[in-house]
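Order as written gives the chain letters A, B and C; numbering starts at 1 within each chain.
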Amino acid sequence: MKKKTTENAYKAPLFDRIIKPRTITLPNGHTVQKPVSRTPFIAVIVLAVIYISAKVTGFDFGIIIKRGNQLGYILGRIFHPNWSYFGGDAANTSKLFSALFDTIKMSIMGSVIGATLALPIAVLSSTNINKTGAVVWALRILLMIIRTLPTLIIAKFAALIFGLGTFAGTIAIIVFTFGIVAKMMYESIETIDMGAFEATESFGANKFQAFWSACMPQILPTYLSYCLYSLEMNIRAAAILGYVGAGGLGILINEFIGWRDYESLGAVLLALFVVVFIIENTSQYLRKKLS
Amino acid sequence: MIEFKHVDKVYPNGVKGLKDINLTIDQGEFVAIIGLSGAGKSTLIRTINRMIDVTGGQLIVDGTDVMTLKGRAMRRYRRKIGMIFQSYNLVTRATAIKNVLTSMVPDMNFFRVLLGLFTKEQKMHALEALDKVGILDKAYTRCDQLSGGQQQRVSLARTLNQSPTIILADEPVAALDPITAKQVMSDFKRINEEMNITVLINIHHVDLALTYCTRVIGIRAGEIVYDGPTTSVTQEILDDIYNGATIPTAEK
Amino acid sequence: MAKTKSLLTNDRPLTIEEAYNARPQLWWLYTLIVLIVAALLGWSGTSITYKGLATKGLTIAQGIGNGLLHPDTNLLFNLTNEGVPYQLLQTVAIAVLGTIIGGILAIPFSFLACDKIVPKPVAVVFRAIILGIRTIPSLVWALVWIRVTGPNAFCGVVTESVCSIGMICKMYITAIEDIDTKILESLDASGCNGFQKIRYGILPQIIPNFISTVIYRFDINVKDATTLGIVGAGGIGAALIQCMNSSRWSMVGAYLCGMIVLMILIEMFSTKVRAKLARG
């Protein structure tokens, strides 16, 4: 094997090696290297990307001006929600509220299970605790793949396998929460102070005992805070899962848009808005307490 | 020449910042202003470029009655006076030269300002300013990658770039370690001597003040309690300026 | 047993037993939290029941597994409009335009919602508007916009633009609140007027933050755009759902593989560019 030559010298960025910096000489003979500006190159690339994107998507601003009143009309109806869903009509009310509660239940259940599963995986994917590099990277790649799958697609799969209903929705929320909490957790586990862990190991604890007694107290507040954060996101996510048959408000949303019953859609969105508002504020209050 | 004639400053909340200040500073002096925190050092310095308005008396700089200036005239007046801050006040995300160039902005027309178009002469001038403080090689480096001392030098270069006749420095070395502080102080000294720029410096480190400055002004509770050459400052005088408190510095 | 827990009444040091008795008693708090969580879980469990697999559940699960392991390579490298590359290109194009337009629309909103700049009542009104926009799920926006633009990729662009506003605004506002105003002081001292202070004191500080926010949101928008197709707003989702409904698992596998690779590449790109913006 050839030994690598020592490269202690400062290595210029790739760009500066391709396009050499200009040398400026001051009147007193001193010189300075000026790297060529990146801005024009970046601007050309960005403009090209925008142009291609506009072509591919058939960008047509005119249609918004021409048919924009349609949006105003629909939004106008959404903003006059059908109040019979809030106690005016018993059947409607129970329909809305059972869907709403299903959504909340799916997100609570999904968040708790997903976050619980995420913790051991996060610990195993932290380089400072798990020294087996292969395991760490395998888990991280797995987590990365899980995070790329959109929740709706997972819900669709779950609905195909487990049948329509809240169970499928809960599975989708579990997978989504698992992916995101595990990632955020291993990132924060890697920043903790390992001194206490070493000390605990030094008086004979095994890795699990050392982690549980020395690291857990450090990461617990962060962990709980991430759980609450994922609950916030999950409420929104769960609201549309019904669209692919996974239970909750999405079923109603699908129905009302299909019937063009925008007043009823408005009622659904209003209910969702109130729930999101309450959960976000409660969660943010609790998270502030935790930190 | 800077002349204070019976200058008073009363803050809106009734606190008296300056009381009957009479002072004359000639072109090319290197003056240290010392005193306890809250004694009025910053207030004194900031009245000179009207960052703070005085409430009584007269302040004359190079024949201009500073308190009569308004709007455009005041901004033009400020061009002649450079100011250095303890916290450098740089745009840390921009390169050193971009920061230096900002001091040219008030003299440029609207479109050049908007688009950030600087002429070649302006850029060369900025590079020369960076060269004068010895960090020419960092010209195209972002300021958040520079050390504290280097950042303070960028801010010094920015001030030099506006070709001032007076430089006001508000605690310029307070955030720096002792070695770097000395380097920055000697930069000030060199600029003062080579370019005949008046330098007024607020400083907590008495030993640095005594080493580099030619004149010391001691302030206590808004009043000048000492004004004289560095050479005649004694321990008694320092004790008096600092209200008899022990001074935590090296002796002499 | 001595009941006193106060240090003041005793001159002698505490005995071990007394110290033990004086320990902070938080068990009731922990019990309460556990009870609340247990109650919430119990309530949640009431309507989530496992009813066994769907009639063809197992075959479908097998099919999905098979499809992912043996994607339709023909489709994966097919360069027509049906092929994976074009579908991905369209998805990214929707996200690009949606993010850029959203990023621009968010600028006035975020300044108007920042109570450091406008009076408090104005800021509160705009914050409420932003929250309202954010609450409506992107799928609903897409379904509403379809009535305006028709079912095409442009609908996706408009939807993404609107949906991005909420989160982008939130992050813009933080950037605006974090502006270092001391720089303005030094510009003031060198004789700059108001416009010059904004151009050289504020813009250089917020523009990198704004760009970083937009790139971060781009990441999310690509993921979002993959599902917009479900309602007919362009992108890869439409083809994917069609294949899923007709159980063509190797095609599903091809679309999913393409999506996973794309998302990973974009996440890497976005992380790298944002690190560059933050550290230079």
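Here are some notes:
The definition used in the following text is that a residue touches a chain if its C-beta (ideal position, glycine included) is under 8 Å from a C-beta of that chain, and two chains touch if they have at least 3 such contacts.
All of these numbers come straight from a predicted model, not from anything done at the bench.
Between the contact lists of chain A and chain C, the overlap consists of B. Ranked by separation of Cα centres from chain A, the top chain is B.
Averaging Cα coordinates per chain places chain A and chain C 5 Å apart. Taking the mean of the C-alpha atoms as each chain's centre, chain B and chain C sit 47 Å apart.
Counting only residues that touch two or more partner chains, chain B has none.
Against chain B, in their complex, chain A makes its touches with residues 24, 26-28, 30, 32-35. Residues 180, 182-183, 185-193, 195-196, 199-201, 204-205, 208, 279-280 of chain C are the ones touching chain B in the complex. Put simply, chain B touches chain A in their complex at residues 124, 127-128, 131, 136-137, 139-140. Interface residues of chain A, counted against chain C in their complex, comprise 49-50, 52-54, 56-60, 63-64, 67-68, 70-71, 74-75, 78, 98, 101-102, 104-106, 108-109, 112, 144-145, 147-153, 156-157, 160-163, 165-167, 170, 236, 239-240, 243-244, 250, 253, 257, 265, 269, 272-273, 276-277.
Those residues of chain B that touch chain C in the shared complex are 49, 51, 74-79, 81-83, 85, 87, 89-94, 98, 102-103, 105-106, 110, 113-114, 116, 142, 144-145, 155, 158-159, 162, 168.
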